[in-house]
Amino acid sequence: MTENRWNHLTAPQLRELARRDAVVLLPVGSTEQHGAHLPTGVDDFLAAEVSRRAAAAAAPLPVVVAPAVPYGLAEHHMPFGGTLTLSLPTLHALLRDLTRSILRAGFSRILIVNGHGGNATALHALVNDLTAELGSPIALTSYFTAGRKVIAETLTTQAQLMHACEGETSMALAAFPELVRTDLIEGAVGPSISLQAEDASPVYRSVTFDQIAPAGVAGDARTASAEKGERLLEGCARALADLLVAGIWP
Amino acid sequence: MTENRWNHLTAPQLRELARRDAVVLLPVGSTEQHGAHLPTGVDDFLAAEVSRRAAAAAAPLPVVVAPAVPYGLAEHHMPFGGTLTLSLPTLHALLRDLTRSILRAGFSRILIVNGHGGNATALHALVNDLTAELGSPIALTSYFTAGRKVIAETLTTQAQLMHACEGETSMALAAFPELVRTDLIEGAVGPSISLQAEDASPVYRSVTFDQIAPAGVAGDARTASAEKGERLLEGCARALADLLVAGIWP
Amino acid sequence: MTENRWNHLTAPQLRELARRDAVVLLPVGSTEQHGAHLPTGVDDFLAAEVSRRAAAAAAPLPVVVAPAVPYGLAEHHMPFGGTLTLSLPTLHALLRDLTRSILRAGFSRILIVNGHGGNATALHALVNDLTAELGSPIALTSYFTAGRKVIAETLTTQAQLMHACEGETSMALAAFPELVRTDLIEGAVGPSISLQAEDASPVYRSVTFDQIAPAGVAGDARTASAEKGERLLEGCARALADLLVAGIWP
Amino acid sequence: MTENRWNHLTAPQLRELARRDAVVLLPVGSTEQHGAHLPTGVDDFLAAEVSRRAAAAAAPLPVVVAPAVPYGLAEHHMPFGGTLTLSLPTLHALLRDLTRSILRAGFSRILIVNGHGGNATALHALVNDLTAELGSPIALTSYFTAGRKVIAETLTTQAQLMHACEGETSMALAAFPELVRTDLIEGAVGPSISLQAEDASPVYRSVTFDQIAPAGVAGDARTASAEKGERLLEGCARALADLLVAGIWP
Amino acid sequence: MTENRWNHLTAPQLRELARRDAVVLLPVGSTEQHGAHLPTGVDDFLAAEVSRRAAAAAAPLPVVVAPAVPYGLAEHHMPFGGTLTLSLPTLHALLRDLTRSILRAGFSRILIVNGHGGNATALHALVNDLTAELGSPIALTSYFTAGRKVIAETLTTQAQLMHACEGETSMALAAFPELVRTDLIEGAVGPSISLQAEDASPVYRSVTFDQIAPAGVAGDARTASAEKGERLLEGCARALADLLVAGIWP
Amino acid sequence: MTENRWNHLTAPQLRELARRDAVVLLPVGSTEQHGAHLPTGVDDFLAAEVSRRAAAAAAPLPVVVAPAVPYGLAEHHMPFGGTLTLSLPTLHALLRDLTRSILRAGFSRILIVNGHGGNATALHALVNDLTAELGSPIALTSYFTAGRKVIAETLTTQAQLMHACEGETSMALAAFPELVRTDLIEGAVGPSISLQAEDASPVYRSVTFDQIAPAGVAGDARTASAEKGERLLEGCARALADLLVAGIWP
């Protein structure tokens, strides 16, 4: 597997990739509480992991993975401790500078790969402003949206990703098992929370996560397994690669 | 029907409403192209209309309707002309000042009532920052999300609101028929566009509306009628009133 | 009378107006306390009303009236309740986005029509920055400055507009009598406050309005009448139309 | 005459003045073209000069003069060269930091003394925001507004200050004659421009000064004299001192 | 060696560390060209590597390493491609949000560990504003300043770190040899550039790095070795640990 | 000696200097406590004084001195009173507007001449952003860096400038002796503080100056003399002039 991480490549290698008009994946994660059994970096790690696998799977299409943004919008997890959060204007400024830099480095096709549900609406809104500001169409997906089919097929207690749930725990067991506190998975159970609009209440109110999920978990991690995780990671990456190969930009 | 519009009331009347801890609805619309048959103020007018009806329907719960924000995020409609758009930071600043003013006027329960699909994700993201900045939970809905059931039941060519479509045209015919160019409805047909996540492409890219709907219309306005419109307006208002009466804030 | 309200017109109609290089009037009002007898929307309503009449009176010169900005600088009225206020940077951002949108919609001649004394100096200052930022000369007037002659001739207890006074109450009685609490006009009396530089103290200090006018009124509303109001509205509109016809831009 | 310049005093002396609740005058000038006969620093120099004289004249009331802000809003003079201009947001930020510093240094009574007509409306607007932001009432005057009576009585070709005119040239001849190119005064004639609202056009449009005054002069400098200048400086200072002694703050 | 990486720890573990008032190291790197032989992530990787080693070496003092900021100020490297750069306001906003989050998570002692010479002066300036804004003293070091003694003793062709030089190449060979293009080290030679004030020109002017070092290298990488690199990493980490143990905060 | 102060010159004279591509020196000082014996304006006065002397010494090279920025970053001196401080964003905005104005006035070569140690790192960082924002290379020096050789040779108790020290007091005695409280010099002694990186602690933490120097003095002012001061001023100016003549810009 060819190296596809921007920060593992040299500048001449990146210039060559720009010359070939490679796609740039920009993972955006979060550093936030994920229950007692998962490390706080889960969203960051998984967005980067899926992006790297997708970049490899899209070969021979040239794809490079920019250094993941490790921070996102996590105000609702602040009461748990261990959480870093950005304001919306800061995330805007950061993404503006990064996408502008990528364009100045000679690339023209940028896809933000989100890894945190709490970022989704903000990134959707920001992509519009970034596109207007930069005059270049910045695209956006969340790896769990790209892979929603494999997620629905693989998981047994949930149809889509929740938080520190069967899905995220499975992927953590597949990608970085040494960071999972398996002895604490037994207690990693919480309410089922849907990210999909049609199931949600028509009224949105900012609530802190501890009010709805005291253990910091939404879903049921007890049925997680590394096998499911590997299937999810590969499936999401494959789905993302298919989108890239099919073509996103005009 | 008691007057419930903030700008139609006097300051002493508003002080009394604040003393009673009235709910404040803050409609947010848009001024943007709506095909050749609808006026550019549709989203603004409908958000305000539903809000006023909902406020009346919620009686005896005290509800007041703040002056609607006539502008939203409409960059994607700019190529058509006739469109006003705000940047995300400007919308943020405007809503911050308005919600802060409402809180300073003695109210504590604010519900933003969105009337424009293009505002939805941005408002979702902004509500989180506003809640943190103001230390008071600002709630959010879109009138067409609150009323999604009546919309699905009433319309024949679509299951949810699109743009200058059967739904919006019907409501316009009910609420401000003198502003509808009925002679041009015959040509008001365009592609079907879903606002719901599960139908949408997993990749989002900012595209101008003319690229997907040259006539500025998504959906089919030819089956619109004032009767359907009245049913939609009342149904959305009723649904919104029910939410208010059931209670949104802790 | 031809429709001249931007939000009542369709996008194709606005494109045609832009093609004819129509003047765009952008009313800027305020939502703020106006004593116990007038609604809080007075400044917003009157700026829009005079603008619409002026647009009609200027025919055949093509003129369109953009959706009025309902909010202004009203910090000094906050102690009364019922008041919404913007900070200066927010008003700047809002006007920048609106005027830029109007220019992008193909128009080149924009006149801000102010309706609130408290906005006057700020708008004067902002117009300079907007002109430099946009590279297009944004013009400014206040309807009560354009119509200062008819105001002086019509009113009996004051020579210029004050606040919730003989003048504003008269115009409210002419334009939206159903919103005037005529039973409370008897108490609508307050100190006389001049907006003109030569009469004012040479030192300006930001004071809240309740410190100088406990009833929220400056002037004497008891002599107000709908007849005077109609004369004021027509006179101000006529004066504004004359300015437009005489030509404002190079 | 006791030293009253902030930057000529030591920190212990300023602490003592703060303990006595001394008034702080904050002159705000401009660095901009003033015709061929006057230096670009005129507005800065005169605001500071009048402030220092006023501080002395107000004795025994303790008054200290902060370092003058040498820059203002002078976009309209940019075509002449030799001109420095700030944007409104920059002036806002600068005054916010300076007034906050003065408050933190223990003072509570701040009067901005403006020396440039082009700053007047902006400062008026900014003082409102500064007062709200700092929670302390910042006061404002222009030295030529404070001294409007002596100006009207002293000058023969104009009733109020214009630009590089009889008044400014006279004060320059009194305060810094070595910087006046007296050989060029003969050509220092331009149109008469009023700063007073009642004479001005009811429509304001940002025009560059060269369009109305090709020589960079408004008024007639040929009748200027050092004697008049001294009378103006003393009169303005005396008027300002009287205001201070009479009391500005509650 | 105990895990000390924030994003590898769970929220409960981080809460416990906060309870013990652990020091938080916040590495700030850069993603920028480093010649043809080193990956663009060098500064990011080394700041994080030294921080992790220092945290371990400081035991039993509790120390946790926050997720490294992968981006810095690298405008001067933009002409080479492969480089991401932030503006100063964006870096300010990002560090403000991160340090505020760390404080809100219960920690009180934050040390920014810089890994990029181009960030040094900006971070020095920002730390002052952050301290004032947050009311908590944020400390700052660069790992190569903390370890300047071991650097001077270890390197043979330079007395301090330069760019893609003997020092950085040696550390790269020790910490991530698989990412070093050893076949290209032969050409990795450039001018000697001092970071120390006393050697530098007294005039600073922003120049792009390609103007002074066409190969993107300052110093001589040919004498680099993994042994030197290991000595540098351990030495810098030891020096940093000693500073932590000696105590930085009051 | 020809006049070289921007604000003492007329616009036509400045246009002529711009035509000759004169260098513009922009002094940046500070208004801050300087012990009990020196006025708070020292840094401002000395930056301007050295700049003016350097401009004269560089003849026939055309050099003009812009009005000095009297304010800088002095948060660390705030506890002493008598101090004005700007935030970093405000200093950024101010310098952006001033340098942009100077470029618009026709000049292309700008050298910021810093006079306050506390500004040094911030100005270094800002110059990078200003250069990128304006597309024109803004240069930077501190007068005491340009003149470090003469400073080291002249002073007896210190090798470089400190604060209210032998050096600054000597220059004050030479340039504005009437503002020096010579009766208080006896107590003007404080710790020795180095500005040079190699002597400083490798960890920087924002501390208020009163914590390290209760008298507000770093160094020993008792050995100051006007003779030393004159030698320093001339030496620094000469060194700065030599740099200008040798050429700074490409």
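Each chain carries a letter (A, B, C, D, E and F) given by its place in the written order, and its residues are counted from 1.
The criterion applied here is as follows: a contact is a pair of C-beta atoms (placed from the backbone, for glycine too) under 8 Å apart; a residue touches a chain by one contact, two chains touch by 3 or more.
Note that this is a predicted model, so its numbers are computed, not measured.
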{"item": "Where subunit B and subunit E overlap in contact partners, by chain label", "value": "A"}
{"item": "Contacts common to subunit D and subunit F (chain labels)", "value": "none"}
{"item": "Result of counting contacting C-beta pairs for A-E and C-D, higher pair", "value": "A-E"}
{"item": "Chain separated most widely from subunit E, comparing mean CA positions", "value": "C"}
{"item": "Interface residue overlap between copies subunit B and subunit C, same or different (over half shared)", "value": "same"}
{"item": "Fitting subunit E to subunit F on CA atoms, where both chains share a sequence, rotation angle to nearest 5 degrees", "value": "180"}
{"item": "Subunit A-subunit D separation of Cα centroids, rounded to whole Å", "value": "57"}
{"item": "Inter-chain centre distance, subunit A versus subunit E - centres from mean C-alpha coordinates, in Å", "value": "26"}
{"item": "Subunit B: positions in contact with at least two other chains", "value": "87, 89"}
{"item": "Chain contact graph, described as a line, ring, star, complete graph or other shape", "value": "ring"}
{"item": "Chains listed in ring sequence, where subunit E comes first and subunit F follows it", "value": "E, F, D, C, B, A"}
{"item": "Subunit E partner contacts - residues on subunit F that touch it in the complex", "value": "73, 75-76, 87-89, 92, 111, 120-122, 124-129, 131-132, 137-142, 145-146, 148, 195-198, 202-207, 239, 243, 248-249"}
{"item": "Residue ranges of subunit C touching subunit B (in the complex, touch as defined)", "value": "5-15, 18, 31-41, 44-45, 66-68, 70-71, 78, 80-87, 89-90, 93-94, 96-98, 101-102, 104-106, 179, 181, 216"}
